[in-house]
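Read the structure below first, then the notes.
Chain naming follows the written order as A, B, C, D and E, and within any one chain the residues start at number 1.
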Amino acid sequence: MSAAHSLPLADRLKDAVRIGIVALLLGIPMLGLTTADQGGGLQVLTRWPLLAQFVGVVFFGRLILQWLVSHFQLRKLQRQRVAAKTAVVQQRPWLKWLGRVALAFAIVLPMAFSGNRYVIDTATTVLIYVMLGWGLNVVVGLAGLLDLGYVAFYAVGAYSYGLLSTLFGWGFWETLPVAGGMAALFGVLLGWPTLRLRGDYLAIVTLGFGEIIRIILVNWTDFSGGPNGINSIPRPSFFGLEFKPPGDTPTFAAFFHLEYSADHRVTFLYYLILVLALLTNVFVSRLRRLPVGMAWEAVREDELACKALGINVTGVKLSAYAIGAMLGGFAGVFFAARQGFISPESFVFSESATILAIVVLGGRGSQLGVVFAALLLVVLPELGRDFSDYRMLLFGAAMVLIMVWRPGGLVARREPTIQIDTPAAQGATP
Amino acid sequence: MGQFIQQLINGLTLGAVYGLIALGYTMVYGIIGMINFAHGDIYMVSAIISVTALTLMSAFGISSVPLVLALVLIIAIGFTSVYGWAVERTAYRPLRNASRLAPLISAIGMSIFLQNMVQVSQGARVKPVPTLIPGGLELFTHNGFSVHLAYTQIMICVVTVVLMVAFTGLITRTSFGRQQRACEQDRTMASLLGIDVDKTISYTFMLGAALAAVAGVMVTVYYGVVDFSIGFVAGIKAFTAAVLGGVGSLPGAMLGGVLIGLIESYWSAYLSPEYKDVATFAILILVLMFRPSGLLGRPEVEKV
Amino acid sequence: MTDTPQNTLLEVNHLTMRFGGLTALDDLSLAVPAGKVTSIIGPNGAGKTTFFNCLTGFYKPTVGDVVMHHPQHGKLILNQLATHRVARHAGVVRTFQNIRLFPSMTVLENLMVAQYNTLQHASRFSLAGLFGLAGYRDAKAEALAKATTWLERLGLLDRANVAAGNLSYGTQRRIEIARALCVDPLLLCLDEPAAGLNPRESAELNELLLYLSREHDKGILLIEHDMSVVMRVSDQICVLNFGHKIAEGTPMQIQHDPNVIKAYLGEEETEEASA
Amino acid sequence: MSMLKMSGVHAHYGAIHALRGVDLTVEKGEIVTLIGANGAGKSTLMMTLFGQPRASEGSIQFQDLDLLKTATHQIARKGIALVPEGRRIFQRMTVLENLQMGSTFADGAHYEEDLKRMYQMFPILEQRLNQRAGTLSGGEQQMLAIARALMSRPQLLLLDEPSLGLAPIYIRQVFRIIKELNEAWGMTILLVEQNAHHALRVAHRGYVLQHGAIVLAGSGKELLENPQVRAAYLESGAHAE
Amino acid sequence: DYSVGIAGPMTGEYASAGAQIRAGAEMAVADINAKGGVLGQKIKLEIGDDACDPKQAVSVANAMVNKHIVFMHGHWCSSSTIPASDIYNDAQIPMATVSTNPKVTERGLKNIFRIMGRDDQQGGVGGGFLAEHFGSKKIAVVDDKSAYGKGLADEMAKGMQAKGVKPVLRESITAGEKDYSGLITKLKAAGVEVVAYGGYHTEVALILRQAQQAGLKLTIMGGDTMSNNEIVTAAGGDNANNVLFTFAPDSRLEPAAADVVKRFRDKKVEPDGYVLYAYAAMQLFQQAAEKAKSVKYADLDKAIANGSFNTVVGTLSFDAKGDLKVPAFRVYQWKGGKYEYFK
């Protein structure tokens, strides 16, 4: 609590013992004891050695941590500061630079990993989430509207394509704007009853909205295929050239005189989502500097002040919902096209939670942060696949730890949308 | 007629369970001013603990029902509040000064963690316990439909009401309750008045966890089957209940829970059970359109 | 009042506002002339801020109405307009007693947001802006020029790129005034603009207010407890107590009104103010 | 021993260096006032006493307590109370509850008596007892903030612009109360005021803060007459004429 | 070494099924390796977790492709198997699965072999059985809205109707909830005594418990998932004795499996449900590879498609679609903690 200088050993021991006791209490019911079905009823099994190990690890871990903390705090103490309430940063060239590196990497990735379907495919997933993150960022990061049902718009996009393509034979490119429009419409539909709501009230309504869409998709079998979902959704073609083994229709491989390989499509899909995501980025970054964008942020900061300045808060909020939803819809179309199969299971609440986590972990309002967060949240569980049982356990723990490590998000600072040269570089006081 | 009354009983019981979880939820909300997504999982942890405790009781041959119930409650409350404390300490306290969304995300992470921790350490299989309090009252029979009221249903409703009254008193009448509310509204100012914000928040989490623990025990005794994944749905329902009633208001949480319980039970008895959640959320949205701060929540008149 | 109706910018008729059992405003009638400074004073809790709230659409008055005589749009009944229309359509812009800036946006952004309607129009609902068309670029440059002008006038230019929430109380007060000015109001309603300013800074504020009303012909409604401001800049003062109007007149008349002295100024103050 | 002694205190908000080596003492039974322009760091200085933000350098001693090593809530329990900038009353609590918050760690025996005293000082609060504090008028909130601080019976009272938003008639009342608290109750007071005339008149001593450092110190009277001070902080347009 | 993959819900709600698959496959791989492996090479098992989420299933599939597996067993949920099988097909990897939804094999993929019957078959068996044995009672059809559950329930309803019995009620519930009192009241009001249920066993257990509490005696007819012995204790008392279900013939009872079954039990794993199927899938791979003398797709796939294999779950051979040629379904009943053929 107080500015602790390095603690004497006795205190540190005491502290570690205290934490050890907590670990013991936490461990007894979960590690020390367990129940198992031994034919005909539960029996209690004990695992005291496991518990002892756990408590030991926690105890010594705490000791070491304490030591590390007090060791480094000595230096930190001299410049102990409280973070400014809101940080605005003028120029951070390294961020731009980092962004460029990321972009360059994204462009060469399929070349660098050519033939490695898994990497390219995972990268495609990352990019879908990046796009979703950028879309949700409009609603949550900029306009400050907590949306826990974003997946609904993603679903609207995906089902629009799924249905239009399988029922009416529409292609990917024709569907894209229509699905975006549909999603935007749903955005307004959701936005309208929630205009007066704040904070958690908004959160539960959006969550409910997402669930309503999902439940309708599950139950309205005639329309959506119900739990079976929609099958055999056509894959996007390369300007009319299909990615198929040579056959009667013109194919990509035949046209370019290549040997057919399943990787062509994977690579094509990757570049497709890359382009879509980059367009999203340009679109959102530009919007943010336009009056609407500034109004979004202003509404987030203080709705009443906005009204007093003559800003139509309703319109501003609805535009944020509509645009965020539209981007989600685009991503949905791509998702359906890539998977070839969609079912309501892909649009559950935890999906919304992941997208929201990407936005928050990235740092609200930071475009680049979203990229890193998406990378982290997609790749972490992928890496964890080898841990099998422990995969989600580690994922959950990582989510907590990252948030605790960087409470403001990975890229926490907000870049002003407009700047002027001010007379004389400013010191601390006016 | 018989069916109607039966659904009333069922709906009230279900609502009481939601309300009980929502009480803890709303209490924690009242202090950190944000959704505690891990609350449902705390409740799940307590349900698992009470399964272990119940099994232990029968292993030790303790068979007097009141004694078993009391011991299980004590054990579950004790251990679960340590979990509440630990969750707060690791996932919330470091984020005291961050934006409102940061703890929301760490709570989601914590919820994933707890769920999988239990899955790994206790196994993925469902855990059944024998019926502790069998039987009930046969109220009446109407057109060949006999209306049942189980003893556990009575117990759940009574426990919920008692806890609601007790905790409402705690929050609105006592100095500790005032300190809690102060922490929610302005933590810095609260500490300037001498309030140990960290401690107050820790205690509140422990109380919230204790409420979840009671809910966990009740559910284990009532339904007899629990597993590591029960936290999620319960958490969402409780969250909905709390919001419907007005977050921060304990009677509101109770009312919200009961309303949702009734909507669900009547909707599924007379209309299509597939769409009962749609009905719940639609009614929630409707209510909030006209009362943006829930049924019993005090409207936020912002003076400018 | 000697104002001819043509000169009247705002007309308040029998305004009453009740909160449950409490009557915060009681049958208040008032005429606010264009291009002049009208001050509202009165003890704490007299209903001054409530009056602003009724005027700008934040509260719906229980009884009575507020009519704006708009040079272009004619008669507008403010209490029937949506809050944002009061500022946008009727040109009545206010500041808040409890500062309400956009804290994590920079000072300059705060001022740009204030020009949202103009800019949004120029950007053709973002389309022109998205493609960076000339019409929008010009409008933006103009808006920026306006913002810098007011910043300079209020001595805030060096703070333009700082997050508004990180500034001290007095500085924030001045930014709020600058922000309101960026909306180009016909009637500017200031709620205690001098609170948190030291006497010297208040003096600068005086200059500004006089400049606005004299040079820019803005109507100003001023709530203020600092008599060095009120007595210096007001053309007309209205005194409220318990929601009633207890006096109205020029600064000279008000200073010597025994009711006002008793309810508001207190005994010594008269000496001081006239000193 | 001084009641309060700050020496070489520095404080930062992130990269902003808000206090740059402040030296200041307050003796028991004194009224000390602090004046300075907007952004000079007056409010920061007050908050730094409570460790919000915690000083990054220097020392702060309250009687024999090292405030740099004491948690915020512990400091408050040791008999320091603050009327903060922006009032910070608990908006969603009633007026009475706000007052009760103030007395949370005070000796319960005086509670009723203190409450009566507050009603006497600020009669309007008694009329508004069960109103939600957030709906009070600005000035009423200011009075509530003062009353709440007094409810804890502090030894050292810190007032950050207590006259802000008060009607002239109440401003005088507040200064009367300050004097009374000091004289009749022996309370030590550190006062930040824009209303420098009034403040320097009641104060025994005063400091002038500029750019985060003390540039001038002296008795109230001296400062009132100091031409620099007059020019920078006291002369209003009206007086200059 | 050859890598083979298995995938299923190792985490999430259905993690217990994932555990079964895993236990079965691990034992099989150990056994095969102990006997010298396949074509002289050891087998390495790759495990994928899809949590029954189609998107993750695709990801798992891509990861498996990348690990150059030569054979795949999975996924468990039909909704995961369907999109994942496209990828295995693209990458030309033969696969076995226990997913029962008809669509799994109806899409013309050549690489997929189902070692379990189909929902329309088991639904037909179940529905027909109900009509025969319980035709005089009031029967309700209930599902849990999952792809599997709804498909199965629909097929059971069809099977009943084919024999002239009409269900009196058609209902859906939401899996994962705890309170089914609404359903029970409805069943009770309609005088239902028998329920044809499409879905997973956890819900059935709860329904039985709550029905008992409400004073309603129910018999429930379910599908393959009811073979999980969790249902016995979960349903409480002797409620499980009222559960009938269709499942492939119980291989644990077959002498051919006796040795394997015993070794599972020694390791405290009850080889029920999908355990032995996972074991059999590995045997299928081993035998096909030995027969084809290669693990190349073309050879292996042909060998599986045309061969007939003796495994712990009986003899497996496939039709043109990749479905079992003789998908025998039997009706079982739980009795005192074990399931046995209905008598």
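Just so we're on the same page, a residue touches a chain if its C-beta (ideal position, glycine included) is under 8 Å from a C-beta of that chain, and two chains touch if they have at least 3 such contacts.
Here's who's who by UniProt: A, B = Branched-chain amino acid ABC transporter permease; C, D = ABC transporter ATP-binding protein.
What you see is a predicted model, and the numbers here were worked out from it, not measured in a lab.
Peer 1: Show which chains lie in contact with subunit A and also with subunit E.
Peer 2: Both subunit A and subunit E are touched by B, going by the contact rule given at the top.
Peer 1: Name the most central chain, where centre means the mean of Cα atoms.
Peer 2: Nearest to the common C-alpha centre lies chain A.
Peer 1: For the pairs C-D and B-C, output the one whose chains share more C-beta pairs in contact.
Peer 2: C-D
Peer 1: Taking each chain's centre as the mean of its Cα atoms, which chain lies farthest from subunit B?
Peer 2: Here the answer is chain C, farthest from subunit B.
Peer 1: Centroid of subunit B to centroid of subunit E, CA atoms only: how many Å?
Peer 2: 35
Peer 1: Measure off the straight-line distance from the CA centroid of subunit C to the CA centroid of subunit E, and report it in whole Å.
Peer 2: 73
Peer 1: So the centre of each chain is just the mean of its C-alpha atoms; given that, what is the distance between subunit A and subunit B in Å?
Peer 2: 28
Peer 1: Quick check: how many Å separate the C-alpha centres of subunit B and subunit D?
Peer 2: The separation of the two C-alpha centroids amounts to 44 Å.
Peer 1: Could you list the positions in subunit D whose residues touch two or more of the other chains?
Peer 2: 13, 16, 37-40, 52, 71, 135-136
Peer 1: Of all residues in subunit A, which are in touch with two or more distinct other chains?
Peer 2: Touching at least two other chains: 1, 37, 41-42, 83-85, 87, 218-219, 304, 389, 392, 430.
Peer 1: What parts of subunit E, by residue number, touch at least two of the other chains?
Peer 2: Within subunit E, the residues that touch at least two other chains are 11-12, 145, 172, 230, 233.
Peer 1: Over in the complex, which subunit E residues touch subunit A? Could you list them?
Peer 2: 10-12, 22, 47-49, 51-55, 58-60, 62-63, 65-66, 79, 82-83, 86, 90-91, 101, 103, 107, 145-147, 149-151, 172, 229-230, 232-233, 337
Peer 1: Applying the document's contact rule, which stretches of subunit B touch subunit A when the two form their complex?
Peer 2: Within the complex, subunit B contacts subunit A at residues 29, 33-35, 45, 48-49, 51-52, 55-56, 59, 79, 82-83, 85-86, 90-91, 94-95, 97-106, 108-123, 125, 127-130, 198, 236, 239-240, 243, 247, 274-275, 277-278, 280-282, 284-285, 288-289, 292-294, 300, 302, 304.
Peer 1: Using the touch definition up top, name the residues of subunit B that touch subunit E in the complex.
Peer 2: Its residues touching subunit E are 2-3, 6-7, 10, 13-14, 17, 116, 119, 123-126, 128, 130-131, 136, 138, 144-146, 148, 150, 219, 223-225, 227, 229-230, 232-234, 264-265, 267-269, 272-274, 276-277.
Peer 1: Quick one: which bits of subunit D touch subunit C in the complex? Just the residue numbers, please.
Peer 2: 13, 16, 35, 37-40, 43, 85-86, 124, 135-140, 142-143, 161, 164-172, 194-197, 232-240
Peer 1: Which subunit B residues qualify as touching subunit D in the complex?
Peer 2: Per the stated touch rule, the residues are 175, 178-179, 181-182, 185-186, 188-197, 298, 301-303.
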